[in-house]
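Pasting the structures here.
Both of the next two complexes hold chain A, though its partner changes from chain B to chain C.
Moving on, here comes the complex of A and B:
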C-alpha cells in the first residue's frame, strides 16, 4: 500500500513541476487553433497517469529515475552561445544536405545550413511555419495521428512551442537528405525539452529524413521528450533514420507516429547508440491499401542503461507489408526491452508481416525482454515473428583464435559484424559510414579495425 | 619441427587419443589416414589448441622449440601452426578480407613486423586468390557464409596461402571437392611446399596423395598410430581396406 501511495505522491510532484512551467507559457504566442490544441493536451496531461511498470506497455520499462527528477522545461530558446564548430561532430556537412538544428526543442537558424530544395518544398522551424502560409498545411495534420496518448505525449503537445516542419509537395524529390538535429544544450539544473516534428510528404513525393537526438556534454540531467508525426501521401516514399546519441546523464522518450497512404513505402531505422534511459516508440499505421513499411533498428546497450524499442504496425487495409527487424548488443548490466506489435485489422486481408529481434549477449549480467505481440483479425494473412538471444559460439571464437586472432579481437569483430549487417541496409551512405565507425570504435580493438 | 610424444586426450572422460608418437621435419608431407571416428580430427584439433579436449599431462608436443601444449590456440597460430578445418564455421557479418587482414596483422605484430596497410593487403590477397583460383568477389563475402562445401574448403586453402604457416594440417580438405577443385587445391598446396614448410594431410582418399605426394603415411585407429610407411602404404590401403590393420591393432592393444 505504501509503495503505491508514495509513487502517486511522487507522480503528483513530478506533474506539478511541469504544470508550473506550463503556466508560464505566454498565452498569445500561437494561433487560436494551436492554443486550443495545447489546452486540450494540458487537460489530458492533468488526467493522465504517468507511465508506470504497473501499466502493461511499460511493465519492463522503469522510468522512475525520470519521474524522480524535477526537470525545468525550456520555454524559450536560451542564449546557448553555441557555434557551428561546437556541434560539428554531430553534423554531416555533406554536399546538398539541409541540416536544421534545434536547441532544447527550438529551431536555431544560425546553426542550421540549407541545401537546395524543390520548388514548394519546406524545411524549417514549426513556429515560423505556423505563423506563415504553411499554417494551412500544418493544421490538418498536427496532432491528428497520435494513437499513443500517454502523459508524456500529452505533455509534448501542451508544450508545443516550436519544432521541425518538413513538407514536400506532390511528386517532389529533393534527392538529398534533410537532417534534423535535436540538441540539448548544457544546463546547470535538470532540464526538459519537448521537441516536436511534423513531416508531410504529399502524394508521389520522396524524401530522406535523418533525425539525431543528442546533447552537449557535461551539465545536469536532462529529458528529451520528443514526438514526431509523419504523414506519407499515396505513393510517397520515405527513408527515415533516427540516431540517438544522448549523453550519459540524458534520457529520451521519443514517440513517432507514421500514417501511410495507398502504395506508400517507408524504410525506417532507429539506431540507439547512447543515453541513460531511451524509449523509441514507433507506431506505423498502414491506413490505405498496399502500403509497405520497414521498421529496422539497432541498439547498443551497456553499463546500467535501459533501452526500450516499442515498435508497432497497424495493418488497417488490405495488401500491406511490414518488416520489423531489430538487433541489440547487450553488455554490462544493461537492460533492453523489445516489443514488436503487429495488429491486422479485419479488413486487412493479404497482409504480409514479419518481425525478428536478434540480440548478441556480451555479458552475463545484461538482460533483454523480447516479445512479439500479434493481434490478427483477418484470415488471409502471413505473419511471422522470431527472437534470438545468444553469445558468440565457442566454435566460432576458436576458429578466429586458430588464425592467430585473440578472443578479445574476435568478439570485437563479431560484434561489429553483427551490427554491420543491419547498418548495411541503410540507404544513406554517410549514415552507414558514421554508424560503422561508431560501432568499430566502440567494440573493435584498434588493431583489427 | 613437430615432435609428438605419447599424446593422449579425452573428452568428457572418454579417451580418444591414446598415446600418439609422430615426428614431422621441415619440408615433409605426412598423410594420416584411418577409419571414421579413429581420432584424426581430434588429433588435428588438439594440436591447434581446442580446449574442449583434455590433454593427458604426460603428453609432450614440441613445435619449433616451443612446448606447444602450453600455448593458447592463437599463439600456436602465431608460432606458425595452421589447421584447415574439416568443417569450417560460418561467420556472418565479417568479410573474408577483414578476417584475413586481422589474422595476418595479428601474426605480423606478434613477430615484431609492421602491420600491412589496406592497400598492400589488397594486393597480397588478390595474388593469393589467383594462386588458389578463387573468384575475387569472395573477398567481400562473409567468411564461409553461404559457401558451398567445396568453396569452404578452398577458402581454407586461401587462408593457408595468406598466413604462410610453417606447419599446415589439412583435415579432409579434399572431401567434398569436385575433380577440378581437387586439382586446383592440390596445385595450390604444391606451390606452397617449400623446404621449410611441412604438411599433415588427413584424408580418406589415395587420390589426393597422387596429387600431393606424401613422404610418410600413417594409419590412425582407435586413437593410436597402428602403422606407418611410405607413399605406397596409401595404395595398399586403397586396395585392402583397414581390416588387416585392425587385426594387427588388436594384438597391439592386447600386448
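Moving on, here comes the complex of A and C:
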C-alpha cells in the first residue's frame, strides 16, 4: 500500500456520519460470528482511505459527490407504503420466476413473489436465513470471498444487516430465473443502503439470477452501496445479469466477487442504463482448473453522468477460459471509464482469454478512458485484448444515405445495432427483450419509433 | 560480435529435447555480458551525495553561466520536494541518492579539435564497443558524439555539419556558445518539475548532445551518440536536446553500454525533441546497458524521460527503440502532437531475461487537428523477467479527426516470466478514432515445427520467429542499427527455448 491509501483527516470527517449510524446498529440483531465480522469490517473501514483520484484504480473516477454527502444509512425496514402496482414496471411478472424485492437493502416479503424451486433450494432474505437453518451454509461463505477492495466494501460488511441469499443444492436446476430487485424508496434527505447478496451454487447445480438496482423517482440523493458474493461449486453453471436503472439523483457502487470451482461456467452481463455515478466492479476468480467465465457489459451514458466498469478475471489454475466484452454508447457530457484486467497467475497454463471494449461516441463533449490490461505470469497462454473508440463511420452513414435513409435514422439504427450485438448474447429472453426495447426507445429516431 | 550462434549449433547434445534445452539454457545463463569490461582511465569524480553545493559545483566545473546554475538549483529544489514514482510494475530497492557521485569525467579532458588529441585509451574503449571513431571520421556515414561517463569526449564530422549550419555538439558547449537556443528550448518539452527523475536530471546533468538543424536543412548524415558508464558508483545523467526548425529533417541514433558491476548504477536521462512545422525527427535507440547477472545482481537502473513536441503543422516525430539491457527500465518516449496534421510514431522491441524488469511504452497526446499516431510495441520476456507495456493515448477535445492505431504484442519464453500490458486510452472527442490490439502468447510450436521440418535448427528457428515478430519495428531502424539489433536479439535469446 502506498502513501496515497492512508486515511486523512478529511476522510475522518466524511466517515463520521456512517460511524454514528453504525453505533446505532442493534447489538443483538445477529449471531456472534456475524457481529465479529462486522466489527472487523468496521476496523478496516476506519483505517481505509476513501477512494480518491490519486489511487490508480480510481484515477478517472471521481466520486467526491458521494464522499461529501452525509448519507443516513437505513438500519431498519421503514414503512414505505409501496404496493406491487407501484413497482410493476421494474418486475418481469413472468411465469415461474421468483422475484424478491429489497427496499432500502431490507427484504420485503409482501412485495415479493415466489415461483417453484427445487427441493432444498432457497431464495430469500439474508437476515431471516442466518437466523434459521441456513446459517450453517451461510457461515463458511459470507465474507470469505470479498477481498479488501476499498472503504465502501468494508462499509457494506460493517453494515451487514440484510440482503439476498440464494442457495442451490447439488445438481439442482430450477430452470426459471430468480430476480433480485434492490429498490431505494423515496427519502426526503440523503439516504444510503448497503445491500449484501450471497449466491451459493453447490456442485452440478444450475441457476439464472437477475439483479436490478433501481429506485422510486423523486426525493433526495441516495447511495446504493452493494456487495455480492457468488460461489460456483465444481461443474456449476450460472447466468448472472445485472441491470442498473438508478434514478438521476442516485449513485451505485456495486462490487461483485465471483469464486469459481472446477469445470464451472459463468455468463455475466452488466447493463448500466441510468444513474448519476455508477461503478460496476466485477471480480472473477477462476480458482480451480477448467473454469470458464464470460463478463459482458453494456453502458449507456449521457448527460453529466459517470459510469465506471471495472471487470477483472484472475486465472489461478490451468485451462481457464475468460471472455470480457463490454460496449459503451456515450452521449452528452458524460464520462465513462473501463478497466478490464486479466491476470494469469504462474500456475495457470493453457489459459485462453479475450478482452474487448468498444465505445461509440455520439457527442463532442463525452469522454471515455479505457484500460484493457493484461498481467501474465505463465507462458503457455493465449491472451488478446482490444479496444476501439470512435463515432459511427462516415462511409457506413454514406451507404445508408445513398439508399435514401436519413443520417439521423442511420445513426439510430447503427447505435441500436451496436448495443444489440451484445444484448443478443443474454440467454434470458425476457431480459433481452427489455434491453432491446430500452435501447430502441432511447436511440432510434422518433419517426422509426 | 563473435559467432556465438554458430558455436551453439555445432554443439552436439544428447538426450531428450527438454534435457537438451535445459543444458542450452544453462550455457546461456553462464554467458557473460560482453561489454562488461571497464577502462582504467584516470577520471575526476566529485564526492558522493547531492545538495545545493554539489549542484553549484557541477555547474562551476562546466563553466556555466549564472542562468544555468539558477535553472539547476530550481530543479534541485523541486526534486527535494518530490517523491519517487511507485506506479510502475517494477520492484527494486530504492537507490540511495546520497551514495551516488553525480559527476565523473575522464581527467585529461581534451579540448578536442581533432580525434588525434583524444586519449588513446578512450578511443580504444570505443573501438571495443564497435564504434571506431577513426573509421567514422573517414566514413561519410555517421557523426558520433561519444559520451563517456558524463562528458562528451569527441564529436566527429563537425565541420561538414557546420557548413550546413547544423549545430551538433555536447550540450555543455551549447550552453556556452548557443545560450539563446538552449534557454529557449531547454525544459520546454520536459519541464524541470515533470517527474522525480527529470528533476534530478535537470539538477545534475553533466553532458549530452545538442542538435539544431536550421530551416529547410536535411541533415546529410545520421547523427549518433554512444553512451557508456565507466566509473563505479557514478550515475549517468545525460541530457539531449534536438531541435528541427521548419522543414528540417534529422535522424538521430543512440546506443548505450556499461561495465559489469555488482552494485546497481543509476542512469536518469532526459531527451527533448522539438519539431517545428514540416520538420521530421527520427530518434532510434539501441539500449544494451548491463542487465545484472543471472541472479539479478547488479545492473543499470534506466529511468529515462524522453519526450518530443510536434510543435508545428505537418511535423513528425518517430521513436524507435530496441531495449535489451538494464536491470530495470522505466521509459516512455512520448509525443505531444500540437501542430495540425502532425504525426507521432513509436516502434519498440523490449527484451527481458534473467531477472530484468522493464516497464516501458509511450504517450501520444493529440492536441492538433488531423493528428495521427502509431504505436507498435513488441515485448519478449524470458527467464524470470517481467516486462510491461504501459501506454497512454489521449485525444483532447480540439484534436478533430485524430487517429491512433496501437498494437502491442508479447511473446513469452519460459514459464517463470511475466508479460503485462497497461494501455490507457482517453478520448474526449467524437471525431477521434482509436484502435488498440494486443496479444500475448508463447512461441508457436507449429511455427517451430514447420521451420525444423525444413531443416532449420531449433536455435535458428527461434531466432527467425522472434525476428519476424519484431520485423515491423526493425524496419524502422537505420540499416546498421537494424543489423546490430537483430544480432543482439539472437544472442540474448539463444537457448532460451526448448
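Just so it is clear, the second predicted complex is superposed on the first by the 436 of 449 C-alpha atoms of A that agree within 3 Å, B and C clash if a C-alpha of one lies under 4 Å from a C-alpha of the other, contacts with A are read in each partner's own complex, and residues count from 1 in each chain.
Note that in this section contacts are C-beta pairs under 8 Å (C-beta built on N, C-alpha and C of every residue); 3 or more make two chains touch, one makes a residue touch a chain.
Fair warning: this is a prediction, and the values are worked out from it, not measured in the lab.
Chemist: Assess the superposed three-chain arrangement around chain A: do chain B and chain C clash, or do they fit?
Modeler: fit
Chemist: Where does A:119 make contact in the superposed view: on chain B (first), on chain C (second), on both, or on neither?
Modeler: Neither chain B nor chain C is touched by A:119.
Chemist: Taking the superposition as given, does A:188 touch the first partner, chain B, the second, chain C, both, or neither?
Modeler: Neither partner.
Chemist: Between chain B and chain C, whom does A:346 touch in the aligned arrangement: first, second, both, or neither?
Modeler: Touch partner of A:346: chain C, not chain B.
Chemist: Going by the touch definition up top, name the partner, chain B or chain C, that contacts more of chain A.
Modeler: For chain A, the partner with the higher number of touched residues is C.
Chemist: Looking at the overlay, what does A:380 touch: chain B (first), chain C (second), both, or neither?
Modeler: It touches chain C, and chain B stays clear.
Chemist: For A:369 in the superposed arrangement: first (chain B), second (chain C), both or neither?
Modeler: Only chain C; A:369 stays clear of chain B.
Chemist: For A:418, decide between first (touching chain B), second (touching chain C), both and neither.
Modeler: After superposition on chain A, A:418 lies in contact with chain B alone.
Chemist: Which holds for A:395: it touches chain B only (first), chain C only (second), both, or neither?
Modeler: In the superposed model, A:395 contacts chain B only, not chain C.
Chemist: So if I take every C-alpha atom in chain B and every one in chain C after superposing, what is the smallest distance between them in Å?
Modeler: 15
Chemist: Jot down the residues of chain A that show up as touching in both complexes, chain B in one and chain C in the other.
Modeler: Comparing the two interfaces on chain A, one with chain B and one with chain C, no residues are shared.
Chemist: Mind pulling up the chain C residues that touch chain A in the complex?
Modeler: So the residues of chain C touching chain A come out as 83, 86-87, 89, 397, 410, 412-442.
Chemist: Which residues, counting only chain A, touch chain C once they are in their complex?
Modeler: 2-3, 56, 60, 346, 349, 359, 361-391
Chemist: Contact residues on chain A for chain B in the complex?
Modeler: Per the touch definition, chain A meets chain B at residues 393-396, 398-407, 409, 413-414, 416-421, 447-448.
Chemist: State the interface residues of chain B toward chain A in the complex, per the touch definition above.
Modeler: Of all residues in chain B, those touching chain A are 48-52, 72-74, 76-78, 82-83, 85, 88-89, 91-94, 98-99, 102-103, 105-107, 109-110, 115, 142, 159, 163.
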